[in-house]
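Which chain is which? They are A, B and C, in the order written, and residues in each are numbered from 1.
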């Protein structure tokens, strides 16, 4: 690849007949609008529509995909602009941070971060080259100049990216002020919240007791009892739905959905209010509440998203010094067949329910998720996520699940973005990989090209629209 | 692919040099006889040799691969001709069922079901097109006309398919009447039973107590004691062997083979007769009996087939309403290294024993199964099975096991068929995928073309013949 | 492939554009020196520099990769020259053993053993053909003649192989005499020991009590207390480092690294000295000591290598009759995220520490190892090892880890050799597979050819040099 511009065939299969088919399939999806149904962009970005700050603050410091790689090679967090609780002084000069990143560009060879950044730099910003030790300063200036132009503000990019809808992820107690500001604004962009109640469902969350009080205050319901707690959650879901939310989001430690009796749940809740809980009880209550959330989804129609199997803050000292989301969340083996059974046995054939499951443990694709999604109407397979949202990761997903679950039990691409500028890069990559996979089915005479094109459009656009009940 | 006829290169690799080699390798196996050593065709089909009924009863209603996909998209079981215990009226019109299926043909894109059905329709039945909403009725009539012709009766197809032998799967208590009818008939087709004693070895099976009495009656042995139970099983195995059986088949929850002392086993058996058992005891007794079955196989020469790791009837309400085998059996993580150790340590180097293991958890291929089969003479790797009997599933199997176990510790293809018409389609697919894998070894200069051709013939024909002691 | 000489493109991808790129990348690494940082060659081989014995003793009898395959097809150990404790007479004629192997050459189709042997025979020894039943005797004579020539002695081959350094694996109690002989010799070859203390850290090791006494005697430290034991280990590490060791090697049952309190550890140690231990205590002490080893590595700079997850001596009767390392060590499911957490939380960001982890359970590549190595500075991913040191095994490793950990958190190739002659074959294979993987990134426009060439050289040479602190 030349450093100056993106190759039109990037991430398509090399074999000529397959590439030719892939090009044709990709062409049908390249310019489709983006449905961004799951991600971590802050609504304030679009409510404010302020210019992006400097290159380091835009690309380096807040992106844990990027900082973790530099940290893995011995670069201190502080040198990347991340302050710690220790004595190490934090780098304040964005240019120095940017330079540090550019010097280490080779570390990203073969990673999706590299793929996204190439797109962001060359395609979104249209700068002249890729990072290197030599061009760090020049590139910094070039990017900074772009960011100062009005067409590189968030809303202008939102439109240029053809984002049809952008879902954020919001704590259950969020007042959704930024969403209200966007709604009140004549700007027509659609930005919607997603209900994420994890911190309330895990009774050992750091601020749980205070959050329960805040929940009572926000909803006007007495949360002193389990019954009140459940009712208050129902009202928050309703408030989210009224603010445009289409879905909930659940990042539990496991996929357990065992339903307790109301009496058992009420006892665990009362104990938690009294400050008493043990790990088993915490996990049991969270699993129970996931089941309750499914029941509520049947009633209010919010699509349920579950992504278990991550051990958060693997290095407790990093968490203590630098805070959460610093790249130290590490996957563990996941289990779905037994864990989801209570939920699916109760609601899995209820036509009102849609549950999308994500995993960072690929071993469950063919063993558990595809067989489950291939029979339960309520269950859909979420896109490869987090570490797996990568060229080969996306390809392995299709290879592992399609033969058992088909295409139509998957939920379409989810960009799971933090970095706003990476949104179109991620959708573009997924469309290319799906095109390549479909092209192989065509050249192996397992699908006609016409069917492949139709399927690609379904995966990129029609399927997520339908799954999230927009069509 | 044109809808009208199968492409000769389907499922072969796209890369031209590899495809050329694959074609040559496949050509050597394409017309070899079929050894169908494991499947679920009913012997009555060939004993009766009645014409197949209508297209819906042939292709849709009894095939859980097919119905589960339709169910996953919200089609009620009843609409597919499967009666439930509820109030929903069941569709009785086969034409309506067939139409429902045809309208949903797109759901099967990328699945092996699609691959098999294309073969069955275009190659076996020779109809003019593939299912679509438009041609549903015309296709129905076309198929129905074929099924009325004598050359589409089971025995005629058996011969046309070049089936050398067809093994059925039969409960230990089966009187094997249909097999006797076939044997008594001048028709030369070879149809043999397989001994499946699961229901007797799990003391919590629904009819266990009655079955134990029936076992006593069939064998003339008092099954009131563990010793009698074991002796009666030995006699049933003998009866199966006399009826032509070459193998046993064991669908246990896990691969555990821990041997109990005779006293422990006798106590668990006595308790079970008295109606007392707990899950641990049930599992321990079943694992013990698997070990006992291996010992008997050393004596009577029946090849032992083990396929653990499936959670049956994931949705209990489906089982209660629609019965078993409705597509709600879901894999769980499997373990073989520790589980098979007792069996292998006792009999794994006994030249009289052959044990074939199957899995629906692909993670054990390279981690456990290939290393085990690559050293124990008695152990052989069964073909990818159930959800994994698919183009990419078959390919991943060879890629994961060959480097450690080679080709000659695998047992050849097993079609695991329910649908009689799909038998040749499944063998054809396996031969194509093996040809493609071998062709890659050739183009990567890891194997000569001559060796590849010889290996392909071994995999398709000579190896299963030898493993099942027919040669 | 012709039997007479190796094809220059073996193990490179078939697709022409990818192969062209792979050739160019491979050409840059083909002739680089070999860094053999982990293996099982006996230092005596190079200290003595005696001619290799006959072909059977060189290629067949001591190689468990090879004997296990023959055993899996029913060949008795004794027929391969391995004496057992039973009555079966052992074959003493090397020619008969060699013939037995040649007759079974087809068993190795598709295996890395075949790939290595082709290289060893055609490239290293330059014989005229590959094994077959027909040419067994002629080939035997041809090999035997080669082995008698001075340029096929170990040191001459060491030089011809361009081995820059060869690390052996040595028990903690090894006097390292052979290493001393090599050092004292004017021959300039660099052969260094590796510290392997497993037998001391597992208090249920067969000779543990005697070893503890020997440890005291070697170090002059009283090992009657836990504190003395730890100090004695520290001194042995120091002795190894002085003899040139750069690393330690730990083959534990699991990756557990839970640190006990000194009091707990001292109690378990004291109990063990008194002959009292249970499996939980044995495992807890071993896990604790792995953590202690990491602490010592911070101090003395020895690179730590951990490879858990193998159940040794699966068939106890084989161990009892034929001894260890007969091919009956079988992998089990591995876990790293939780197991390594204590070690990594304590030392994972310590710039003095380097820990390389190996696995024979591929499921942890993308789920656990790449995410961990992609953030912890101390952690590096070891090469695919044992059963996975194969064409497809090596490829799957890069595909599974690169997208999350990049290339620069891997530690370079490790040949893990027993058979001295296979060393260059193994490095050659790894370089070819890495070239093929990098070439795919180039043809998919994810990396420039120039970057790919640089990366290939890093993987083959610069990276292991840096990781093992030689550069």
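Of note:
What we mean here is this: contacts are C-beta pairs under 8 Å (C-beta built on N, C-alpha and C of every residue); 3 or more make two chains touch, one makes a residue touch a chain.
In this text, all values refer to a predicted model and were calculated from it rather than measured experimentally.
Taken as a contact graph, with one node per protein chain and an edge wherever two chains touch, the assembly is complete, since every chain touches every other chain.
In this structure subunit A contacts its sequence twin subunit B using mostly different residue numbers, the overlap staying below half.
Centre-to-centre spacing of subunit A and subunit B amounts to 40 Å, using the average Cα coordinate of each chain. Contact of a single residue of subunit B with at least two other chains is seen at positions 15, 333, 363. Here subunit A touches subunit B in the complex through residues 15, 17-18, 333, 335, 337-338, 341, 344-345, 348-349, 351, 363, 366-368, 370-377, 379, 399-400, 402-409, 440-441, 443-448, 451, 454-455, going by the rule given at the top.
Contacts from subunit B toward subunit A in the complex involve residues 1, 3, 6-7, 9-16, 68-69, 71-74, 106-112, 114-115, 311, 314-318, 327-328, 330-333, 360-363, 387-388, 390-393.
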